[in-house]
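Each of the next two complexes has chain A plus one other chain: chain B in the first, chain C in the second.
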Partner chain A sequence: MSDRPYEVIGTRPVRHDGADKVTGRAKFGADVRLPGMVYGYVLRSPHAHARIRRLDTTRAEQFPGVLAVVTAADLPESPDRPVDLVEGTLPLRYVRANVLARDKVLYKGHAVAAVAAVNRHVAEEAASLIEVDYEPLPAVLDVLGAMREDAPRVHEDLRMREFGETTERAGNIAEHFRFVLGEVEPSPTGEGLVPKGFADADVIVEREFRTAMVHQGYLEPQNATALWNQDGRVYVWTSTQGAFSAREAIAWVLDLPVSRVCVYPMEVGGAFGGKIRIYLEPVAALLSRKCGRPVQIVMPRRDVFEATGPTPGTVIRVKMGARKDGRISAAQVWMAYETGAFPSGQCAFGAMCILAPYDIPNLVIDGYDVVVNKPSTAPYRAPGATQAAFAAESVVDELAEKLGMDPIEFRLKNAAREGTRRADGPKHARIGCVEVLEAMRNHPHYRAPLEGQNRGRGVALGYWFNIGWYSACTISVNPDGTVNLVEGSVDLSGTRTSIAMQAAEVLGLRPDQVHPVVADTDSIGPTAVTGGSRTTYATGWAAYEAAHDVIRQMKQRAAMIWDVEPAAISFERGVFRTGERTMTFAELAARLEETGGPVIGRGAVNPASAGGSFAGAIADVEVDPGTGKVRLLRFTSLQDAGRAVHPTAVEGQMQGGSAQGIGWALFEEYAWTAEGAMANSSLLDYREPTALDVPPIETVIVEVPDPEHPFGVRGVGEANIVPPPAAIANAVYRAVGVRLRQLPLKASALVDALRAREN
Partner chain B sequence: MKWFDYAAPGSLTEAFELLARHPGARPLAGGTDLLVQMRAGERQADLLVDVKRIPELNELGCDASGTLRLGAAVPCCVISESELVRRRWPALAEVAAMIGGVPIQSRASLGGNLCNAAPSADGPPVLMVLRAICRVAGPSGERRLPVEEFCIGPGKTVLAPGELLVGFEIPPPEPASGACYLRFTPRAEMDIAVAGAAAAVRVEGEAIGWARLALSAVAPTPLLVREAGEYLAGKPATEDAIRAAAEIARDAARPISDVRGTAEHRRRLVSVLAERALRVAVARAREAQA
Partner chain C sequence: MRRAMVRVQTTVNGQPAEFLCEPRQSLLECLRDILGLTGTKEGCNDGNCGACAVIMDGRLVNSCLVLGVEAEGRTILTIEGLARGSELHPIQRAFLEQGAVQCGFCTPGLILATKALLDRIADPSEAEIRRWLANHLCRCTGYDKVVRAVRQAAAELKEACR
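Then we have the complex of A and B:
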């Protein structure tokens, strides 16, 4: 293809980690084996909320085969301060308290103590001998109940932040924020603000939605292997999305300088946002310090569900008005997210996304982060946005229906464009919202007839803003004309290859001539977490810079050989040239020793922002009205990738995000006992979709390049999970005429709704 | 999971000795329930007695009368792939292919499925409508009882300490008969029944000769609903009769609300699934008649 601007970008080479992954040779955290290594087990709270009156580890310590026991008393007590945890800022005391509970346990599964022993079974048995005297406290389990003034308090010391300021208000509301656009007025009660514009609306829809707490559902459980070396350095092998963010958090919790901690990021068996926080790492390190041996802890599945960070359950109220001409005139949103035992800030992310696809003149969004006695929530692929889109896109669908408009045409009429102001302040840069909607409208799926009873088609749109942040890369040139690319970004999804391809494009090499290495924190410059759909975008940019640095240095070497000025040398498609003289990259690479020694290029970037990504979904369903079962017949995912570096990897992201969104829509939820224990903490009863529940997912990559990025790349990891639940709910409505406003869309609720309609 | 010992006896006698000597012993067939429960701390055992090497528990074949002799430890994949079972007792082959996924089916057995005594077990309702008899043996000899008498509560069976379920005897299918099991799971497969219904029917011309209906996941044990069968016997095989029998089944169900479903949804599911299972069983019986 001669019209393609790039040689490498946009091709589909074999992944660099492919052979290791398919042969089982790739090393995951639980594969780590060190000389003298022993095994740890974490004792966890059986209560959702209780005070620890007494903790006695004597019998566990005396149990044969036990080498060390630790509790919160082994954690350092440095002064409290706010620390930046990637997805939000928390007081250090909260971060420590989640690693090992000190005075109170705040959720069932909260870590209380840990044992290291000669094997995992001995450690588990010894842990059962630890005596903990709990004084159970009333648990706060419901987000609306938790917001009441008289609700039991999760934290005595929590004070609500409101509009960016800390207030004196004690309770469970960690944060209240408000986004306002256009004209607003005080609400009739005087307590809040309402947007103007409902008065000239011809149609107003106001609905309340609920979504369940759900888990990222990665297959590989959390794990950590730590060695507290006799020289005072701490080495940690772990499954993490960010070696550097993990290093920082471990150092904070253990009160060490970051340079005393080295993190080896292992291959990651799924993360989706859930492997940014640290859990086991400091515990394994403390055990190692006590027993002088490396200690490995691997979470049982139950602990993964009960003690790592799922995503918040929510209550969201959306009111929208539209005129007969199809324009949305006003929107009001009230959203409350249960953040679990500690504040998480995810409601703000949801609020940034909920109305972002639309140009709405007047709007008010009130958001609340609310602590409850459940696991401390963590990011999950487009954190906070999927819940929000379920609510907003259901209301948008209903508005379109009431106006008698095609749901995609209605969205197009209100679509955000470059320059449209987002609710949270900034204006959209060049975005692909309209292009994604047009791709949906023009897709054969949207036009295909859907025949048969109880069948329906739904659509929805989703947005995720993506992030930039810092990344570092080095590229060293091998004498055979290949290069080694060392990067600090953990590879969750094939980013070794998508980053290597950006270097290869600059260097005029084939992707397989770039050998990518994900390095530990001693071996590469600081690189922010693999998250926020930033890795191919920002670390790819760093690789682009490093590759240009290599070319600059190589030109100097060629200049030396040819005795010309470096400026007189050009480089194109792998060939250095001055006048009639040429040298290939490989020929010059073989002459580095004689021209001054190794060439090492460096790239370091810190983009302040990144181009957001829009995704759309089209879903066809069939409903069994007898049982309430919803079967997906066809599913199409469409997403703006800016520029798809590796289209197969982009399609994989779209299919993966869609499959997870289907899980949110139809199956997944934390179920709770009245006492606040998770009632389904196994993969048997926490139902993720299987291959049989997910139809082949068709993908359409839309390319609206991000003008900021050298190749126009947009992150594609997240926006794709946002629209599926709303698209499926809208499809169910078109199939059987009832709208469910609670995720997951349960069979029993659907039959209830169908029967209620009959009566 | 705590440490435990493991033994794999080659004969019933040896197994009975081990069970008698170790009061904390438990028999292990496929282990697909037991090991999961032990990991979760729900069951303990000092010794697991693996019964998979005992010849009697691995039987699969017909005796002279055409009765199927099915060992308690025969893995589901062997049952579902058996030409004999597929031809003569297709509903049994179907349910063996429905429990868990392929790796589970290579270990799990219908005997283990029954001994685990989960109310939601898929195997027992099918065994009940096929009139299967359990062969239970212990140091003092063998006793026989119908499958519907085997479970006495969630996780509880009539097995006395030291006894083993050796296998099942399933009478030969009658002419013009058919059977079917349907269940509701939120997912397509790889799931536990929220409710299930098994039906077996014999047709005689336009009428139903006899019928049997059994349910899963809607009572403390898998449940044979005799009244539904009695109601249908001799009635014309009409939609109305089938619907009425399904209503009898619904009224017989005693479901609870739990994490897998509400009692109300389970009751509704029973009537839907019983009706559909009966309809399929009648259609299959008519096919056999033709």
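Then we have the complex of A and C:
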């Protein structure tokens, strides 16, 4: 295509790590093999809530083949302080307590002790000999129950933060925040605020929604290999989204300076937000310190479910009013998220997103983070936003129906645009909300007839704000005219290539002439996590800066060779030029030694914000009214990518996020026993979608370039998971006329709802 | 206490292989921890994810559900044995060209499953492909590009047979 503005951006090269990933050569954390390495196993709590009265490791220590046993007593006791954990700030004592429980266990699966032994069977056998005397305590398992004044307390020392200030109120509510826009007034009870504008509304819909706790569901279990070296440095090989955030967290927990810890980020077998937190790393390090050998721990799948991830279940109430002209006049939202055993800030993320697709003059959002006796929750792809969109997009759909409007036209009438203020304060920058909605309206899928009984089509819109943050890259020039690109961003699904392509574009090289390396924390500047859809955006930007630094230095070398001013030299499509004289990038690369030595470009960025991404979903379903089974007939995902650097990779993100959204909609949930044990902690009973559960997922990449980014890139990793549950719920309604307001949309619930309607 | 070890003689990726293992060790453990073939992945260790699939005597098996001692006298193909010298197998190439690999953790199992499928059915329909792959969880791709990769590989292998 001649009108393509770029040579490399927008092409679909085979990814740099491709051959290693299809030959089994790629090294994941559990593939690390070190001389003298031994294996660890973590003993976990059988109770959802209990006091540890006594812990005796003697028999385990004496078991043949055991090299070390550790408990919370082996953790340092430095003074408590708040630490920044990427997804929120937490007291250090809580971070340590999740690594190894000290006085109380707070969920079934909570780590209590760990053993290192010659192999993992021996370690597991020995762990079973550790004697723990528990005093079971009443467990708090339900978010609404946990909010009551008389509920048992997960933490005796937790005090609610309200509107940014710590209060004296003890209980399980960790945080209460409020977003307000437009005109509001005190509620009739005097306890809160309500938005004005409902009085002008011709239709008002008010509903309550619930969503189940779900897991990120990555295939690779958490793992860590640690060596506490005799020089006092700690080396850790692990599966993490952020080598530097892991380094910091490990250093805090072990009370070491960060420079005493080196993290080697291994290939990551899926993460989706669940591999930011550390779990096994400090435990393996403590075991290694005790036995003087490298220690590897790989989590059994059961522990992955019971002790890592999951993402919060929620209760969300949405009230919206709209006028006959199709404009939303007011919205009120009340949302409570279960954060698990420790506070986390995901409710606020949900609140930032829930009404962000729309221009609503008056709104009030009250949000609550609530601790319960379940695993400490972690972000999951657009954390907090999917649950929120399920609620809001169901209500929006109902409003459109009551007004007799097409659901996409109704959304377009209220769509947020550049300058629309978000509930949390900032105004939207240039966004593609309208463009995504128009692409949905114009897509053949939306226009195709859908015939047959019990079939219906639903749509929904989703938003994720994306983040910027700091990234570092260096580029060194090889004498053969290629370059090595060293980056601090862990590659979860192809960012080596999407970052290398941005460098290649600047340097006039092919993507395969840029050799990307994901470095350990000793070898590159600090780089924030791969998360928040930031990596192709921010680290790509750092690579762009590093590539320009290379060109600037190479112009100086060409100027030396040609005896002209550097300013007199141009560089275009891989060729340096002054007047009639030219040199290719490769020709000049071969002459760097003689002109002053190697050229190394560097790029470091810290964009304060990033352009948000919108995604839409169109779902066709068929419902079997006898069994309640929902079959997906057709599914289309549409997303604003700003500029799609590698369209195949962008489509892959959209399809993967959609499939996870489909699982969240239809099957996935933590099932609990009355005592608070997860009843389905295997990949058989926790139902992730298989190839038979999802149709071919069609994709439409919308491109509304982000004007801040040099190539117009927007992060694409997350927004795609947000709309599917709402789109599918709306489709089910159109198919059989009942609205389910609980995720997952279980077959049994659908059958019950259909029967209830008949009676 | 010393545990009885069992000597196992088998063939792995075309080469004779011999190892000592405990009777309780799975084939997955023997491949990864004794033979150093870490391309076979442990995702669940209870037969529900398919990441550990290998081909044993021509049949696709979850190596976590096979004991190491059961490998005696058998012929095993793991992901490390698929490429011919420095040439990728057409299935491996198809996975790369179609963008069917994201994190790459389920990929070895999916590629071996594809091999086992195409050895049985040279030109499978989309429904046959999806049914066959339903024993393998992939959390990244949503399966669409994986199905396309299987189709591309089927077409290329059929062409090569002519």
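The working rule: the second predicted complex is superposed on the first by the 759 of 759 C-alpha atoms of A that agree within 3 Å, B and C clash if a C-alpha of one lies under 4 Å from a C-alpha of the other, contacts with A are read in each partner's own complex, and residues count from 1 in each chain.
Keep in mind that, in the parts below, contacts are C-beta pairs under 8 Å (C-beta built on N, C-alpha and C of every residue); 3 or more make two chains touch, one makes a residue touch a chain.
Keep in mind it's a predicted model, so treat the numbers as computed, not measured.
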Item to complete: Could you look at A:666 and tell me whether it touches chain B, chain C, both or neither (first, second, both, neither)?
Response: first
Discussion item. Applying the document's definition of touch, where does A:697 land relative to chain B and chain C: first, second, both, or neither?
Written reply: second
Worksheet entry | Partner chain(s) touched by A:751 [first = chain B, second = chain C, both, neither] | first
Discussion item. After the superposition on A, what does A:656 contact: first (chain B), second (chain C), both or neither?
Written reply: second
Discussion item. A:79 in the overlay: touching chain B, chain C, both, or neither? Say first, second, both or neither.
Written reply: neither
Item to complete: Quick one: classify A:188 as touching chain B (first), chain C (second), both or neither.
Response: neither
Discussion item. For A:629, using the defined touch cut-off, is the partner it touches chain B, chain C, both, or neither? Pick first, second, both or neither.
Written reply: first
Item to complete: State whether chain B or chain C is in contact with more residues of chain A in the superposed arrangement.
Response: C
Worksheet item: Which partner does A:687 contact after superposing on A: first (chain B), second (chain C), both, neither?
Response: first
Worksheet item: Does chain B (first) or chain C (second) touch A:679, or do both, or does neither?
Response: first
Worksheet item: So which bits of chain A does chain B touch that chain C touches too?
Response: 121, 300, 682, 684, 690, 692
Fill in: Partner chain C, residues of chain A touching it in the complex
12, 14-15, 17-28, 30-31, 33, 64, 119, 121, 216-221, 267-272, 298, 300-301, 492-494, 648-649, 651-652, 655-660, 682-684, 688, 690-692, 694, 696-697
Worksheet entry | Complex contacts: residues of chain B adjacent to chain A | 1-3, 39-40, 184, 186-192, 194, 258-262, 264-265, 268-269, 272-273, 276
Discussion item. Help me check something: in the complex, which residues belonging to chain A touch chain B?
Written reply: 121, 124-125, 300, 302, 626-629, 631, 666-667, 671, 679-680, 682, 684-685, 687, 689-690, 692-693, 746-748, 751
Discussion item. Per the contact definition, I'd like the list of chain C residues that touch chain A in the complex.
Written reply: 1, 22, 24-25, 32-33, 36-46, 48-49, 51, 78-80, 82-83, 88, 92-93, 95-99, 101-108, 111, 126, 129-131, 133-147
